[in-house]
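Per-chain numbering from 1; labels A, B, C and D assigned in written order.
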Amino acid sequence: MLGLKSKRMSLRDAVGLVPNGARLAIGGFAVYQKPMAFVRELVRQGRRDLTIVGSANSCDVDMLAGGGCLTRVETSYVGLEKHGLARNFRRAAESGVLQVIDYPEMVSWDRFRASQEGLAFWPIPFLGGNDVLKYNAEIRPFACPISGRPMHAVPAANPEIVVIHAIAADEQGNVVFPARRLLPQSGDVLFARSCERVIVTVEKIVSKAFIRRHARLVEVPSYRTTSIVEVPYGAHPTPALGRYLSDDNHLEEYVGASATTEMFNRYLERYVRAPADHFAYLNLIGAERLADLQDLDSLL
Amino acid sequence: MLGLKSKRMSLRDAVGLVPNGARLAIGGFAVYQKPMAFVRELVRQGRRDLTIVGSANSCDVDMLAGGGCLTRVETSYVGLEKHGLARNFRRAAESGVLQVIDYPEMVSWDRFRASQEGLAFWPIPFLGGNDVLKYNAEIRPFACPISGRPMHAVPAANPEIVVIHAIAADEQGNVVFPARRLLPQSGDVLFARSCERVIVTVEKIVSKAFIRRHARLVEVPSYRTTSIVEVPYGAHPTPALGRYLSDDNHLEEYVGASATTEMFNRYLERYVRAPADHFAYLNLIGAERLADLQDLDSLL
Amino acid sequence: MIAPPPTLHEILATLLAHEFADEEVGFTGLLTGAAAAAFGTAIPLVSMELARRTHAPNLTILLAGCYHNPDLRELEALPDSEHSAMLRDLPSESQMIDYPGQWVLKRGDIDFGFSSAVQVDQEGNINSVCIGPHERPKVRLVGPILQPEHMALFGREYVMMPYHEKRNFVEKVDYVSGVGYPGGLAGRHALALDRGGPALIVTPKCIFDFNRDVGRMIVKSIHPGVSVEALRTATDFELGDLSGVPDTPLPTAGELRLIREEIDPRHILLPNRQI
Amino acid sequence: MIAPPPTLHEILATLLAHEFADEEVGFTGLLTGAAAAAFGTAIPLVSMELARRTHAPNLTILLAGCYHNPDLRELEALPDSEHSAMLRDLPSESQMIDYPGQWVLKRGDIDFGFSSAVQVDQEGNINSVCIGPHERPKVRLVGPILQPEHMALFGREYVMMPYHEKRNFVEKVDYVSGVGYPGGLAGRHALALDRGGPALIVTPKCIFDFNRDVGRMIVKSIHPGVSVEALRTATDFELGDLSGVPDTPLPTAGELRLIREEIDPRHILLPNRQI
């Protein structure tokens, strides 16, 4: 078959697809498998006024907040789990420069299901009395057209661009997910099915033969992807299931550095702005640490 | 762990859980993996006035129609694919004794998704001009609470009882599905998540150790199942993926026998009413045929 | 040596191949019975594969709605079951095993599909539910299946009619299970059908297109060897002036060679004879 | 030889175990930080396992919401990450990897859950979103996470508060991210909350229950060694007459033995000391 179109792109060019003011969904869930190389490049390129719509967020939103890239976040969680609160996010929210729209966790998934369904809303029957309603005029009360029961319509997630990090794809944009996956990887599949501009950073670009051997696991096919970017360790310091674990040491350094704006600017200078590219960043982390983080997927 | 409750039941007793007039969903899809032993036992026990709600139906609905068990069917398809039209169903529908409520194929899945979601309706944006609306007063027009777009609310499937056929479960009702499954098996998972009375006929009751070794594939856990019935070849003459293929010879015999009411009554007498039990039925099919139908699942 | 002349199946597959753009996604179900399987599955597969081997290498084929770009060379027979174990084992680039699945139906991932029906009317409505009144039909058929989705959610639809007789091409279908152009494109819009609808109606006798302003079928071309009179006789609605209608175009020698030598050398998809 | 007296964790785990009926499904998230992990994850796990080994063998434990009846003997440490690779490899009876998944959230598959919060008020509302006004909070917290679902869709909720100070037990939470009993059960009904709500509030000082008619917390029992005065001082709302309130009951010797020798012999879940 001649003339197959390559969707391969450099990290810089892929990040260039995200304009200032974009409504962006960042894959991964909480502190797991976040496309952090992409996030660092957003900061490096000085992107502004982004809205992040998500299900559960962590250092993705926190770094963008610390980098001054954000205007608004719509999600159920921003925190670093065992590493504590997200301090840059806190400062931005407490100072009022960052607007936070809170959604319940499963409702935040339902919003992407609405986008997947081509619907402007998802019907939610259990929000009565919750302050999620009080601070969100976009949620509308309505009566079930069949039972008459009072419910609420939450708006679809409607991302303009989705970015996820996965283990492998071919150049045409067929993306594989591990069979022994966990909830964060399923969230990525959902995100990639909720939007027509889908950027996938991957650990490895693989052959068509590899894709065909794993057809059952190609949950995001070529026609759903806009660009494929090869970024080994692209989720670091968060884990990529089956490839590497969380770099808890680096996350502790990150948390320590986010104690003040000044300290975090020094962190950004050292790890985000100064390195010439992603491999220069990885060299700062060092081979020994990267080797130590190895995860093994099921061999079956 | 002492005192684990067994949900094992005989086929006769499990079918006894279905009263006359029940609203029953039968798993499988079109001519694939239908719980036919259960269907035969419904006919044998002379069940009456059933409503079948489904996604795509075939010899399940056809045999129940031929056995005089049905009042109403809500589905997207009743036919035998390459074996032609479902002749008992046709006769019942054309004579007016069977009410058929037609739904589009994916909408018929959406109705089970509504039940899974605890919703009385599912919002459908594309039914305008379709006669599905003309003959179904239960579908209600409404405006999207957010966009104002005209849509239709289709009623949830709301089965009172679901019956599916699967390859294996333990006595506690943890049901495994093959990794290399196809759409019909996914439909069974959806059905089993749409109702609180779920009967699962299985090829084999397996040990807890088998279940734990395949935890990733236990898509229907113990607390979702009401009873587990061991019925080897329980889908015959339809296939059970990974265990046996479709018995096309028997289906041709079935189609031939359903040419007239009289002939089909003779078929029912021979294959359904006369055999003392399911194994007597299998003996009529014969060991050579059963052996010939073997399917192999992936060995990985 | 002169190659045998193109068969009707080859003519239709080639004509359809020209319809597809690169990077589109095309959906074919799995129909059974010789004529229906040829029109509903085999001709669509050959047409999409021909497009992939000529101007549309990035077109995605969805066989039986689930198997992405299946390796047709591995087929030992045209599959005759939509979800058979044989398809589980057919090499492909992605397998859909759930709904919602890889193609996001309601966001419009499918650019075009192929469907079949027992009746089609001059507005392009199709019917596979019943002949006669719905409550007491003369013939109860299988049901709407995926026709409503094909005709409303796919980008466009090729309606593949294996038979062209008066009972199939009717003034008004007895049940609209897939919506054509009632009232034209404006009529579809008024029904909140913002995309999709039938593109061509493909029959053993001719190709129909539509006047989408008024929502009425028009004959686009007539197959070689079919007379205008035969076409009128086989159609229950008025076809208007057919004097300027061209013949259906034939494949080039190169297209025929691709079909015969590369795509279907063992004649598993298309029969090796005139029909 | 006399066994060491029960620790607070053991007392709470035993008390909770008595709450669960056979065949119920209990959901615990994965909380981190010593006190939160103990109250939010470890005590719930031990309580459910104790119930399974006594009166409720068919209870289903959902660890981190996803792992059905995990083999706790295989744990080498209390997991400190909700979706870590370590949990992928932990033996269990079913793994949820998608939403919607095995437990059908909105049909009410979960009989009871455990949650934690920064604030709880006398109506039983909980808050993990912010301290101070939402637009310019004094402290921005993590967000509602799964609290709305816990407090509305689960059959009942055990609110596990690792700290009991005035700043945690307030008159009115600054943000209702999980709904208690505003206006009592009738109030919940008026909000279309037809099931669920907090069952007990478990703290290091006492157990709260509710007067569900008026929707107000009441002290059910006070832990050994905690004075009524200390309890009042640590609570920002009025507790009423506490004269008849009993001490929190202690585990039996048999229950203690099960916890210490069978369920957690390596002290991976509960620390081996008084706290």
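To be clear about the criterion, contacts are C-beta pairs under 8 Å (C-beta built on N, C-alpha and C of every residue); 3 or more make two chains touch, one makes a residue touch a chain.
Just so it is clear, the model here is predicted, and its values are computed rather than measured.
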Ordered by label, the neighbours common to subunit C and subunit D are A, B
A-C or A-D: which has the larger count of contacting C-beta pairs?
A-D
How many angstrom lie between the CA centroids of subunit A and subunit B, rounded to a whole number?
39
Mean-CA-position distance for subunit C and subunit B (Å)
30
Junction residues of subunit D, two or more chains touched:
95, 97, 106
For subunit B, residues that touch 2 or more chains besides their own
118-119, 125, 149, 180, 216
Run through the chains and report each pair that touches.
A-B, A-C, A-D, B-C, B-D
Can you check the complex and tell me which residues of subunit A touch subunit C?
1-5, 115-119, 172, 174, 193-194, 196, 208, 211-212, 215-216, 218-224
Report the residues of subunit C in contact with subunit B in the complex, numbered from low to high.
32-33, 66, 80-85, 87-88, 95-99, 105-106, 129-130, 134-149, 152-153, 175-179, 182, 187-188, 190-193
Using the touch rule from the top, collect the residues of subunit C that touch subunit A in their complex.
22-23, 25, 52-53, 57-58, 60, 68, 71, 91-95, 97, 100, 102-104, 106-109
Which part of subunit B faces subunit C closely enough to touch in the complex?
29-32, 56, 75-79, 81-82, 84-86, 89-90, 93-96, 100, 102-107, 109, 125-132, 134-135, 149-151, 180-187, 239, 241-242, 245-246, 295
Can you name the residues of subunit B that touch subunit A in the complex?
118-121, 123, 125, 138, 140-142, 144-147, 149, 153, 155-156, 179-180, 216, 300
